[in-house]
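Labels run A, B, C and D following the written order; every chain starts at residue 1.
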Amino acid sequence: MSISGLLGQLFAIVLALVLAPLLTGWVNQCRAWLQSRSAPPLLQPYYMLHKLFRKDVVLAHNASSVFRTAPFVIFGCMLLACAIIPSLSTDLPFAPAADTLALVGVFGLARIFISLAAMDIGTAFGSLGGRREMLIGFLAEPALLMVIFTLAMISQSTSVATIVETLAHREVVIYPSLAFAGIAFTFVSLAENARVPVDNPATHLELTMIHEAMILEYSGRHLALIEWAASLKLYAYSCLGLALFFPWGIAAGDSILGLAGAIPLLLMKLAIGGALLALIETVNAKMRIFRAPEFLGTAFMLAVLGLLVRLLLETRV
Amino acid sequence: MEPDIFILLLAIPLVSGALLTVLGEREWAPNLNIIASGGTFLASVLLTADIVAHGPRFALGEQFFIDSMNVFFVTLTAFVGMTTSIFSGPYMKNEREHGRLSAPRLRLYKSMFQMFMFTMLVALTTNNMGILWVAMEAATLTTVLLVSLYRTPASLEAAWKYFILCGVGIAQALFGTILLYFAAERVLGETGNALLWTHLVDVKSQLEPHIMALSFIFLLVGYGTKVGLAPLHNWLPDAHAEGPTPVSAVLSGLLLNVALYAILRCKVLADGAVSPDFAGNLMMGFGLLTLLMAAFFLGRQKDIKRMFAYSSIEHMGLITFAFGMGGAVANYAGFLHMTMHSLTKSAIFFAVGHATQKTGTQLIADIRGLIHINPLIGWSLMLGTLAILGMPPFGVFASEFMILTHAMKHYPWTTPILLTALGVAFAQIFGKVQPMVFGETHAKPLPHAPAITPVFLHLALVLMIGLYIPPYLTRWFHEAARMLG
Amino acid sequence: MPALLSIDYLLIAVCTWLAIGLAGLLAPRNMHFISKVLFPLGALVGLGVGITALCFLGDRAETAVLVIGLPTLPFHLRLDNLTAVFALLLGFASVGISVYAAGYFRSGEGTAPGALCLEYHIFLASMLMVLLADDAYAFMVAWESMALSSFLLVTTDHRHEAIRRAGYLYLLIAHIGAISILLAFGVMTSGSGDYTFAGMRTQELSPFWASVAYLLALVGFGAKAGLVPVHVWLPEAHPAAPSPVSAMMSGVMLKTAIYGLLRVSFDLVGTPLWWWGVVAMAVGLVTALFGVLYSTVQSDMKRLLAYSSIENIGLLAVGIGLALVFHSYKMEALAALAMTAVLYHCLAHAGFKSLLFLCTGSVLHATNERSLGKLGGLIHRMPWVAWLALLGVIASAGLPPLSGFVSEWLLLQAFLFSPGLPHSWLNMVVPVAAAVVALVAAMAGFAMVKFYGIIFLGQMREPNLTHAHDAGPWERAGLVWLAALTLLLGVLPSTVIGLIDAATQQMLGTGLADKVREHGWAMLAPISPDRASYQPLVFLATILAALWVGRWLVHRFYHGRVRRSDPWDCGYFFQGPRGQDTADGFSQPIRRIFEPMFRMERHFPTIRDEKPYYSVKVEDHFWYWLYLPAARLVERISGLVIRVQGGRIAVYLLYSFLTLILLLLVARP
Amino acid sequence: MSTIPLSAQLINLCASVILLLAFAMLAQRRVMQLINLFALQGLVLCLSTLVVAVTTKQHHLYWSAGLTLLLKALLLPWILHRLVRKLYVKWDIESLVNVPTTMLVGVVLVMIAFNVAQPISLLSQTISRGTLGIALAVVMLAFLMMITRTKAIPQVVGFLAMENGLFLAATSATYGMPMVVELGIALDVLVGVIILGVFFFQIRDQFDSLDIRNMERLKDN
């Protein structure tokens, strides 16, 4: 672990903190355009965070310490995830802290905390949201793991950095399994980030919401942290997807030059990804909650298929 | 040679039986009963010490023969007899106060109890196969009177069935004995010694195999009826359930053993004369059938004593099977199991006796919450049941372990049958006993405190043997097992 | 005086436990003496056992022969590394549980405290004897004593019919399992008559008989561990028992079954066949999936945990199966990975499941309520229990940085390397198994959120919950101990693996310790850091930093103001406790998605109902598929056999007569 | 054929008579007649024992013959008669089911008994050896009789007839058991009958009849 590596790591974290709300803003803007609405400013999420941080926290009478701790824990989890996922460079001192499996664990921990926090006030919507979140979670998690398995088998490693290096810095080999895995990953990402068609981030329509139902009772700085964490999650998933499926351009070392080259590439990729996400959200309608298992089941199947394809076709490659 | 101890052993029960008959039911009669039984036990211990020290010996000419095999049974019999007499003290007092038994009946009970002990001791120690038969028949007669002690229709019916079935059975045994004598006479000549077991053993290989085979069949069917081998067992549950509980205890704990002992004596001779498998296979077959049938009988029982009677049948089946397999290990295990069964089953009957007295019924469904009525009774029934079901660390498990492992080694095909039977028996008995011990109750305490010492004495012995078999006991068992060949 | 060996210390511990138990009989009604003197003493002994095992790990095996036992087969005892790992588990888990029990048991209905103390300590002693036993007889005696004492503990509150039934079912299945184990031992002696384990090791079994022995052992130990389909006792017995006993059974006793399975399959039976592993894996997967599904739909908190134990046992079986597969193909390094996962999970589960069961005990004491539908909001009344339970919940959900995650991580790593197996079918199937494991792990999270959220969070569902009180000092100490173990196991995986590796090496000839040690105590990289690595401390540090630094930053740059008001809830004003999800409601999605897996009886309200209610009863399919038919079969045979005893003496005589005639005609010398 | 000595012929004759009486008892409905037949059987048994005793000069056989006469021909029938009178069952008639079938079964039993005894009796050196088969047949017929009877007293008579068969076996195969054993057996039989006598009264008190079909209440199914 070198000083420059540490700096690179810090830079990656700061970049994540900065870029994440921007990504959210960008997606919202794209979506507004696609839906022929006038778009909010690109920096709207920052304004909102600032406003929320300034406001008083209004806590329900029976909110417990779990409720107050959860936003910080969730934020910390997402921060950790962003620190681990290589966005610019694979040389991250934090990377050995967690491989992809542990990364799934990190997301799981955040999910558990947000669900528990949702149940803490004891309102009808809170527990509804918590239950649905856990439902989506336990359906998405195995699919994500299967995606990771496919990649891990290709690269003989579960470490994100190693996977990215294997995929990015080797001679080009076509892996059909990656196509399956990629689609599955997209599905999972949509579900995990509370996006259409599984959830709608923009709604407070009581019977359809998942994520929003859980954070109904949050306000002030807590809500700010949660919103920020949600942005970070989207950012983390995006970076993970990019790193796993479009790893080109991620620096292998910690040279300033490599980083400098990686930043615009990352921005470009994120912009395209965000736009695509907005497109998906626009052309799809939100599903009934009980269609979500089918959706995620498909993702799971695709991931397993990818795995089998990998085993069948590519083991002799 | 010190014949006095042996004479004492037989004389104490005989004389005290006579005394109890003549003097009738007095205040001190229960104590006399206990003292007599204790004296018998003391005599048996002294006799055992003598045998251990000096080896087997004859008594009263050659008519009685005490070796390590039967001296052990003598001790066991005297011991269980003693504890039973202790147990029956308060039990019978309670019965009398309930108005279920009158003073003359109690006199009958005590004298017959002593006579029963006498006949059993004679059966165990006699060297003469004919006397053995006579003693067995006499034991039947005394117990018939004991079983019918209550003079209720049910007890009369039970006693009648007991008498007729065992009488007929024992008649078959007499035929077998005649055939045995017939075979022996051809070798030993027409002396009176031709029925002496010690002589017979010496010439067992010369005995005519055809006659001996036939003789063994009759003896097996005959004495087997008393052992309770299926399908000759029908009298047993009735007699156990309808007699007074102390009688059930000695029937289960002692009489069955003695009958089996008689079969074993005959088996030795049959083994010598006929091919060694003949008697063994018959006994294994009977044992397995008995075990299996008894296990399935257990499920439908509504009467607690009846259920434990079937449990006795089951264990007798297992023991018969063990002896049928033969060989040092199996015989050892058989003796061990007999001992364990005697001690455990009589302990259970003691506990059951108290329980039925407390609750005034023998119906399983009506006995509940013993542990609240009297924790000691509840625990003793629970532990006794677990012990008899072969749960370690109780001794029954030790013998079952040996039997099972031996069967697995030599007759692997029998293991599924054995295990099915043991498993079913476990499920049935335990399922019935557990709610009796636990659960809610409204019963009131009895005027006379129960004598619980015998129960725990027995269970403690059983527990001890499960963990540690003293060397002298092992030696006994080995000697006995060797005697069976 | 010769120096005492470790095994001697353990024997002394056994005796001390027994003595403590017997001491309880001296004053069977003196609660204070028993709970404040004897149980803490027992905990001390447990600590001694744990430390002895800890010190022993890595040493050469020690043996002893006692005078007790059968004359031909006295008790043989042996302390080796496998035993030591489980003794470690037993010792340390028992410390927490005994300390907790010191505060938990109160005199009341049911078994007298003295008897309880005796049963409890016999239970402990017999578990240690199970681990030490080195011959079939000693093993069986200890094994059944364990079953017996735990049965008596389960039925402590025996006035309830349901508890008696649970106890009956438990003992029955335990007994059948024991019979199966005994048979397995019998087969393994292969007719030599030598029932010592040393004798069994020397036997060369044919593949057929070895398989028979293995399958019998799987059934026998599976019955104790709770593998499907012999699991039915577990969800009955665990809720029935007092909580420390549930904790002990779930945390420790189930592990003795795992120990037995490991002992047989990796030590006694000889070279394994590859399909043994597949069988174990298949059974394990079914068990895990079944357990977790059922745990999500329970509405009794202890049943929920019991099913969760079934799930964990399933995962253990999967791990054992994987290790067997690798072992049979001589891929010992990977087998070691799977084995480490198994051993680690044993330790982890002992910690967190005991913790959770003890927490339910505190809740039970505070509220007299086991049904989730009547709890809620207890975090306000019992913060200690709630926060400690949170640790257990996170560990149980298999999330970093606590103990459950480490073993799951190791297990998944082991799965990832299965493509190296020289068997194409296995290659295909094993990843799918991994997928199921992933599903199970994720659903465990669901169950745990339900457990925690409904008990501790939200509004109190019943008015009397406001009188709930937090756990007392003894209980708290026990909980803290176990929570600390969970945390330590979570953040120090390398150190712990370094310790338990001796057992892996003993079984497989190779271990992970060398590789793990290369990377220091803070990082877990069983193969190489390039391939997989995990640093739980970083996790912990990050989360704590986010918590404290984040909080500080927000307060520094903005403010820390808090206002209290009614919850908003989208503006709905009716916000009574009934508005929250019930336990049944929470698991509704699961019931709906996995409907065929459950046997459900539901009642839906209709428009015309005067008193509308909704109810759902979820039952076990196996009960109807396996157990009831078996019971009916026995019943039917009984019905046939019983006809023999028809009451008519002439018929009885006829039996006797026919027997005689038959023998005369058939039996020939 | 004619080598069979006269004594043996006499013994065989007695044995045959005993067998015939066994059949007669099997078919006899009246209780008094049954007891008489039993007494007659005892008498013939005594005769046959005497013949053996005279022929073989076995002294103890005289004793056994005397014992038989005393016990089986006189004492036991007398006790039974007394019982029947005291119990007022003198005119009891049993409704035996299907006497011909019973007889047929009896014949089959005789065949079985002869077959079983045949190889053994060849080994015997006693002059009465041929009767071993008959003895076995008598035992079995008595057994059959006990099965078919529904009243208590005839059942006991069957039981005693079985003892007769056993005694015949003892004399025919071995010239009798040792004296001490015989005395023991006799004592047992006597005590047994006395106990049974007491029983009869109790049974009648409790059940109002000596019909053992009343005693079918202890059962499991």
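Everything that follows uses one rule, which is that a contact is a pair of C-beta atoms (placed from the backbone, for glycine too) under 8 Å apart; a residue touches a chain by one contact, two chains touch by 3 or more.
Only a predicted model underlies this, so the values are computations on that prediction, with no experimental measurement involved.
S.K.: Please give the pair of chains with the highest number of C-beta contact pairs.
M.R.: Most contacting pair of chains: A-C.
S.K.: What chain sits nearest the middle when you go by CA atom centres?
M.R.: C
S.K.: If I average the CA coordinates per chain, which chain comes out farthest from chain A?
M.R.: Measuring from the centre of chain A, the most distant chain centre belongs to D.
S.K.: Provide the C-alpha centroid distance between chain A and chain B, rounded to the nearest whole angstrom.
M.R.: Between these chains, centre-to-centre, one finds 78 Å.
S.K.: Roughly how far is chain B from chain D, centre to centre by C-alpha average, rounded to an integer in Å?
M.R.: Whole-Å distance between the two chain centres: 31.
S.K.: Taking each chain's centre as the mean of its CA atoms, how far is chain C from chain D in angstrom?
M.R.: Each chain reduced to its C-alpha mean, chain C and chain D end up 70 Å apart.
S.K.: Mind checking the centre-to-centre distance between chain A and chain D? Centres are C-alpha means, answer in whole Å.
M.R.: 101
S.K.: Touching at least two other chains at once: which residues of chain B meet that condition?
M.R.: 160-161, 164, 168, 210, 214, 237, 297, 300
S.K.: Where in chain C do residues touch two or more other chains at once?
M.R.: Residues 639, 642, 645, 649, 653, 660, 664 of chain C touch two or more partner chains.
S.K.: Mind pulling the chain A residues that touch 2 or more other chains?
M.R.: none
S.K.: Contact residues on chain A for chain C in the complex?
M.R.: Chain A residues touching chain C: 53-54, 56-62, 64-66, 69, 72-73, 75-77, 79-80, 83, 94, 96-99, 101-102, 105-106, 108-109, 111-112, 115-116, 119-128, 130-132, 134-135, 137-142, 145-146, 149, 152-153, 156-159, 162, 204, 206, 216-217, 220-221, 225, 289-290, 293, 300, 303-304, 307-308, 311-312, 315.
S.K.: Considering the complex alone, what residue numbers of chain C touch chain A?
M.R.: 376-377, 379-380, 383, 386-387, 390, 393-394, 397-400, 405, 409, 412-413, 415-416, 419, 427-428, 431-432, 434-435, 438-439, 441-443, 445-446, 448-450, 452-454, 456-459, 523, 525, 529-535, 538-539, 542-547, 550-551, 554, 557-559, 561-570, 572, 575, 577, 579-581, 585-586, 588-590, 592-593
S.K.: In the complex, go through chain B and note every residue touching chain D.
M.R.: Checking each residue of chain B against chain D gives 63, 128, 130-131, 133-134, 137-138, 141, 144-145, 148, 151-154, 156-161, 163-164, 167-168, 171, 174-175, 177-179, 181-182, 185-186, 190, 192, 194-195, 208, 210-211, 214, 237-238, 241-242, 297, 300-301, 306.
S.K.: Over in the complex, which chain D residues touch chain C? Could you list them?
M.R.: Counting only chain D, the residues touching chain C are 109, 112, 116, 140, 143-144, 146-150, 212-213, 215-221.
S.K.: Which bits of chain D are touching chain B when the two form their complex?
M.R.: Of all residues in chain D, those touching chain B are 116, 119-120, 123-125, 136, 139, 143, 146, 152, 155, 159, 162-163, 166, 169-170, 173-175, 177-181, 184-185, 187-188, 191-192, 195-196, 199, 202-203, 206-207, 212, 215-218, 220-221.
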